[in-house]
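As written, the chains take the letters A, B, C, D, E and F, and residue 1 is the first residue of each chain.
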Amino acid sequence: MKQNSQRIAPLHPVLYEEIVNRALLEDLGRTGDITTDAIVCAGDRAAAKIIARGPGRIAGTDVARSAFLRLDSGILFDVVTRDGQDVEAGETIAVVRGGAGPILSGERTALNFLSHLCGIATATRAIVEIVAPYPARVVCTRKTTPGLRVLEKYAVRAGGGFNHRFGLDDAVLIKDNHIIVAGSVSEAVRRVRRSAGHMVKVEVEVDSLEQLESALRENIDAVLLDNMGPEVLSEAVRRVNGRVLTEASGGVTPQTARAAAASGVDILSLGWLTHSAPALDLSLDITIGE
Amino acid sequence: MKQNSQRIAPLHPVLYEEIVNRALLEDLGRTGDITTDAIVCAGDRAAAKIIARGPGRIAGTDVARSAFLRLDSGILFDVVTRDGQDVEAGETIAVVRGGAGPILSGERTALNFLSHLCGIATATRAIVEIVAPYPARVVCTRKTTPGLRVLEKYAVRAGGGFNHRFGLDDAVLIKDNHIIVAGSVSEAVRRVRRSAGHMVKVEVEVDSLEQLESALRENIDAVLLDNMGPEVLSEAVRRVNGRVLTEASGGVTPQTARAAAASGVDILSLGWLTHSAPALDLSLDITIGE
Amino acid sequence: MKQNSQRIAPLHPVLYEEIVNRALLEDLGRTGDITTDAIVCAGDRAAAKIIARGPGRIAGTDVARSAFLRLDSGILFDVVTRDGQDVEAGETIAVVRGGAGPILSGERTALNFLSHLCGIATATRAIVEIVAPYPARVVCTRKTTPGLRVLEKYAVRAGGGFNHRFGLDDAVLIKDNHIIVAGSVSEAVRRVRRSAGHMVKVEVEVDSLEQLESALRENIDAVLLDNMGPEVLSEAVRRVNGRVLTEASGGVTPQTARAAAASGVDILSLGWLTHSAPALDLSLDITIGE
Amino acid sequence: MKQNSQRIAPLHPVLYEEIVNRALLEDLGRTGDITTDAIVCAGDRAAAKIIARGPGRIAGTDVARSAFLRLDSGILFDVVTRDGQDVEAGETIAVVRGGAGPILSGERTALNFLSHLCGIATATRAIVEIVAPYPARVVCTRKTTPGLRVLEKYAVRAGGGFNHRFGLDDAVLIKDNHIIVAGSVSEAVRRVRRSAGHMVKVEVEVDSLEQLESALRENIDAVLLDNMGPEVLSEAVRRVNGRVLTEASGGVTPQTARAAAASGVDILSLGWLTHSAPALDLSLDITIGE
Amino acid sequence: MKQNSQRIAPLHPVLYEEIVNRALLEDLGRTGDITTDAIVCAGDRAAAKIIARGPGRIAGTDVARSAFLRLDSGILFDVVTRDGQDVEAGETIAVVRGGAGPILSGERTALNFLSHLCGIATATRAIVEIVAPYPARVVCTRKTTPGLRVLEKYAVRAGGGFNHRFGLDDAVLIKDNHIIVAGSVSEAVRRVRRSAGHMVKVEVEVDSLEQLESALRENIDAVLLDNMGPEVLSEAVRRVNGRVLTEASGGVTPQTARAAAASGVDILSLGWLTHSAPALDLSLDITIGE
Amino acid sequence: MKQNSQRIAPLHPVLYEEIVNRALLEDLGRTGDITTDAIVCAGDRAAAKIIARGPGRIAGTDVARSAFLRLDSGILFDVVTRDGQDVEAGETIAVVRGGAGPILSGERTALNFLSHLCGIATATRAIVEIVAPYPARVVCTRKTTPGLRVLEKYAVRAGGGFNHRFGLDDAVLIKDNHIIVAGSVSEAVRRVRRSAGHMVKVEVEVDSLEQLESALRENIDAVLLDNMGPEVLSEAVRRVNGRVLTEASGGVTPQTARAAAASGVDILSLGWLTHSAPALDLSLDITIGE
């Protein structure tokens, strides 16, 4: 079911402007940038390049722009490498021009967003490349950094990945604990189908081939094959035989992704993409006088 | 100047309750946990253990508790391993008891906070141990995840580290770009001292021994020795000779920390602690019926 | 696909407490209830019954309670007729006891929520009864009152209905305008499938049998049969023949619902439930002295 | 006391921009309009007409514009039929031009506001016409939809009506329950006059001619004649004889309004205008390519 | 029209809790009270007295309590001198008991509210006493400290004063600039009466006896006699002769209040009460151990 | 250590825009300026001068501008006397041009900010002039008006003063109560140094020469000499002999400032500047027709 997601639809700024505002306020505190305010004069202007110090996939340029523009709407922020594109070490991601004060004061907030999101996009791209020979889509989970889910899910898309649920309300995922409460997969699915809307898909988590067989007897859309080794995964995919979507999840890392994908699963989901991907190292190199 | 920070003063909840609230809302969306709401009955109760799947230093138990209590004030959350303590793989961090519904619905938000903060504390502890033979304090930077600075700075303290500035307003750090704007270190310090309050410390970033000599001629409290190799660092520390605090910064990683600390610097600062530390792997193992 | 939704899972209060708070503030203004504050003494206590002045289906008792408790956490709010149950004119929905001041000051806000939500639940129930002989589920749309979607969707469930999408992000609905932009149904579906997550369902709006045939050639989950008369609807259902879900939408009212449902569609969606259902008339009859 | 309110002063946007923002966010959710984002390309432009599907009085065009502009400040929103004017079925209310993406994504939010407010204005106009032969002003109450009071009160003005209190704090209305607490009308008025500011008017609710006589002996500005039939109303107006303002309230509907107004009361207040007026049916007909 | 306002109805906490929360956050910053957190141990308890260092009228004890309780709901805050009562220098206003940490961390925020509001109440009481022989009510204006209007208006009531308008929306005050725009008092009143609700009073500002005569020919409720000396004021009151309320405003200070009141005006309004009253000096004397 | 702070760096608007927004909303209430909306026509334009009615130091012109622009982005606000400059009575501070409606509606909010902040700047300037012969800096405290700290601290700088701590988190101030809890100055400092970051300064409050001697034996940066008379202050300064910064605090007023400064202290801190400085009297004189 894989398709390459070259086109990255931008996020509506209304979805992240408040996040950017809060980030700026946690840096500016109660009086602003006391170093820059003391040193930079009102008329001082500057130009700066945001440069990648390592190779990576870009995500978050609009968010970074938004941070600068919130401080000074006159700043020009020209994107050189767009979201979804790749950079090598030393390449320029964006050029910033305008008042030296707001550029210096907004630098850290802008780079904190950009390096975090590029880090996720870069990690996603790496997994996508690893599993390229196989049909599996690379998908993120709800293991996101609190407060940044909308941005991190976007960064995964910029990295060539896809998104699983956005929250607890947009799809049903019946986990082991739900099955215990309900008493059986069958009863859990029955309860869910009784109330779920017709546009909601239902997935069931199974951790053995026996559970898989139980799940396949129900009216479901997907199975999450939890923490299975490559052989069991392959057998599970074989048994499903295309009747529902198959998702391999649990402990998938860059090291194990290829073997998991080789099983033929439709979906490979990794919490690692959003909770542990290292930031992409970036620098903002400023030129005074523009 | 190092002292061991065994006692971790808890954060006032007023500092993070809104952060927790937003995190819950981004998971509950517009109607809540449709899986759990469909399956769990009002009276169902549960107990659960939050267990570390790997070794680490704990931070964020109060935040995790706050997530559960925001959903149901009747939940009991007993901490087994407190913030600032260490766990081995398989050890229990906390026990949660109460309604099965809110425990299942709050699980991901609580764990997202806890695994992120434990990850930072664990990374900090690792660096602290690496540099234990030397006097250097391990310190974090402003390279934090947007929206979570107050929590991440706390996690660094729980890991045995210390905090640098909390933002742009509580201390002065004159960086290379400021020096370029001002024309010289001397002029930059002069401008800053003219406006800074008497409770504000002033640090200057230098990237060569020549710049260091210029900086030492000014009325400053600390020098940030930027991106210097171990030998240059040692020479810098020798030249400073205790007149001001010395901070090694820039590209310090677990691999290079020991050599940097061996230079005798007072402060070793790492953005890596807060922007790239991997999450600690945690699980919530639930027992229905309590 | 219809099932009776007797069990109404309560909403997490975190989803509506801020809505209640804003509603109270818009009534209390800048100094509070100047009438009650002047007349009622601190110790005055009262009991009150919330009574239906007409027959209806109840929804929103938790929200009404929340309004009173936000003013005074000592108020007792006992629900007599629970959400999802029916009342006749004159029957009691809830009993409120506590300080006379907060009961009088909170009355209007509590009743505004309750009468609005009961109105929607009552209207939904009426349609559900009308179409009871047929398989169709009664479903609401995104034509909700701004700011109250989470509550109104809940009221529809309390009325025995089901929910369509909660917003623009949790399912795909390709409308006529999207098809025009894309050039064809086929191209629109192709674009959507390229980026949509695997847990997202895809529905296509069609307004003729020709469009329906086009849509059925694509990989979709449902078709929205827009503004079709009963005969065309029946023919459409016949042609679909169970391959995808069928939804009748557009101008469905209490008058036309039965005929539309008789076509055999799976889903009958009505904006009317949430944008035009009249409020249920309620009164709060107070007894001073308790 | 009736005067025709032809001139509708616009609301300051600061009074509703946050309401609009919340409405957009409840529709865009956590990632935006996944259908439109997948189908529409960045450069696609569109023009659209907002058309009334039935006759009505317009209110809320500025709010609708604000919804589109919040998504894309480059959108042009030209009002054809201004607030306070009337349309027939099929007439155009406004023309929208700009990016196809934001027009499609903002359509539902904009129309939800507009159809709701036009519905209230239309209902108000209908009552105003019914009572045109009589002196009574048509007035709304505090029975408004939670969170939308400022907008709904405005819509009533656009419909030719007037506003009663905006909340509990801007005027005194002594109701039956207050009189019970105070012990008598006299004591209730005494308590209120002791604390109320000099710019605050005082109205007393009475439900019999006896109570009316009691109220008229006090220093009050208006009487609310609660749930009285036409004959009693007429007698009440006769007895008041212009000494204070008279307001008929309670169960006034389009059916009973004329008879109530014929009593000669100054004010006819209807909760129905804001809690049960059906929305005006609107459509946004889009033309791709502009 | 004066009556003594001995009974001070408390404000609903929902009106100020968010104000208190913001005030605490502006003091706690991004990590809290680093002094107290470092020194005070978790189990340390304390008792403290809030003592007046000078004589004054009390207002704001509930707000001060709210500040402590927001930090620690276990704190006991016993009011000794209630709002609306007077203290001499050295007298105790309240006793606080609980954790030493939150008491020390909340002290400044609580006292900032309390000293500010007591300052306003004290200033109001002083004016009330000065004008005691005359019928005039002492009234505050809209010249309040931004963000604190609800609290400052309350403090004026606690001082024995009354409130003018709460904002621009709850009463009409036609000022000189409005008259200029309208062309005449008559036209200004006509325009206002055409749109104002029936519960809204209308006051006209006049600055000469000629303007007064014009105003008295219109349908108004009060006249604001702006910046008139005692003799002109007296003449104005004589000419009004009880037909409308008379308000002396503009430059009234403790020095000029008596002479102004002697004119016989109904209302004496002073911006000074809320924009320039000095804070009441308070101290929090702590006893550790208790 | 005094230096004249001629250059007043402007505050980033992001630090106060939300404060301005709230202030406008507390004045506009739920429907806006009913007087102006009724009288002023859409096309009416005006020009106005903001004039000082007494001599003073200006602060807050950007905040005042922000209030007008929030109502109407087309308003022109030209500053004649900039922040940090002085005016005589009758001089113009700023000229406002644009729609008559927003100018009249925004006047009070803009002036409330400006007169409050100018009042603080003026009071600060007065103290600065009084102590001009001496080296002491004039410094404000945390005794600020809740919600306005960022603005009031700025106004102090505009008056030629400096800022002490911005909150409880950016510097350590060990007060008498902390010393009691810790048992001794020595222990208190030890506890603080164990956890405080390296960029945090430590000050100790002493109220006797004996306590001073104890404090000077510790590793601290400043001593706060609390409530000492001029002679004791002088002796304290003599004993400190430049080893740490000396701050005189407690009960310093315009009357006592000179004598305190004559002691030679480095810092003179006054809560009075921010909690009791009277507002500067301002007027907005409007000219219709521009």
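To be clear about the criterion, a residue touches a chain if its C-beta (ideal position, glycine included) is under 8 Å from a C-beta of that chain, and two chains touch if they have at least 3 such contacts.
The model shown is predicted, which means the values in this text are computed figures rather than measured ones.
Shared contact partners of chain B and chain E comprise A, C, D, F.
Taking each chain's centre as the mean of its C-alpha atoms, the one that lies farthest from the centre of chain E is A. Taking the mean of C-alpha positions as each chain's centre, the chain lying farthest from the centre of chain B is D. Remark: chain D and chain E have CA centroids separated by 33 Å (rounded to whole angstrom). With centres taken as mean Cα positions, chain F sits 44 Å from chain D.
Counting partner chains per residue, chain B has residues 9, 26, 28-33, 37-38, 105, 149-150, 163, 166-167, 169-170, 194-195, 200 touching two or more of them. Contacts from chain D toward chain F in the complex involve residues 9-12, 14-15, 149-150, 153-154, 163, 166-167, 170.
By the touch rule above, chain E contacts chain A in their complex via residues 26, 29-30.
The touching residues of chain C, when paired with chain A in their complex, are 1, 3-5, 7, 9, 137, 139, 157, 162-166, 169-171, 193-195, 197-201, 203, 221-222, 245, 247, 266-267. Put simply, chain B touches chain A in their complex at residues 19-20, 22-23, 26-40, 44, 46, 100, 104-105, 108-109, 111-113, 115-116, 119, 142-150, 166-170, 172-175, 177-178, 180-182, 188, 191-192, 194-196, 200, 272, 275-276, 278-279, 286, 288.
The part of chain C that touches chain E in the complex is made up of residues 21, 24-25, 28-33, 37-38, 42, 70-71, 102, 105.
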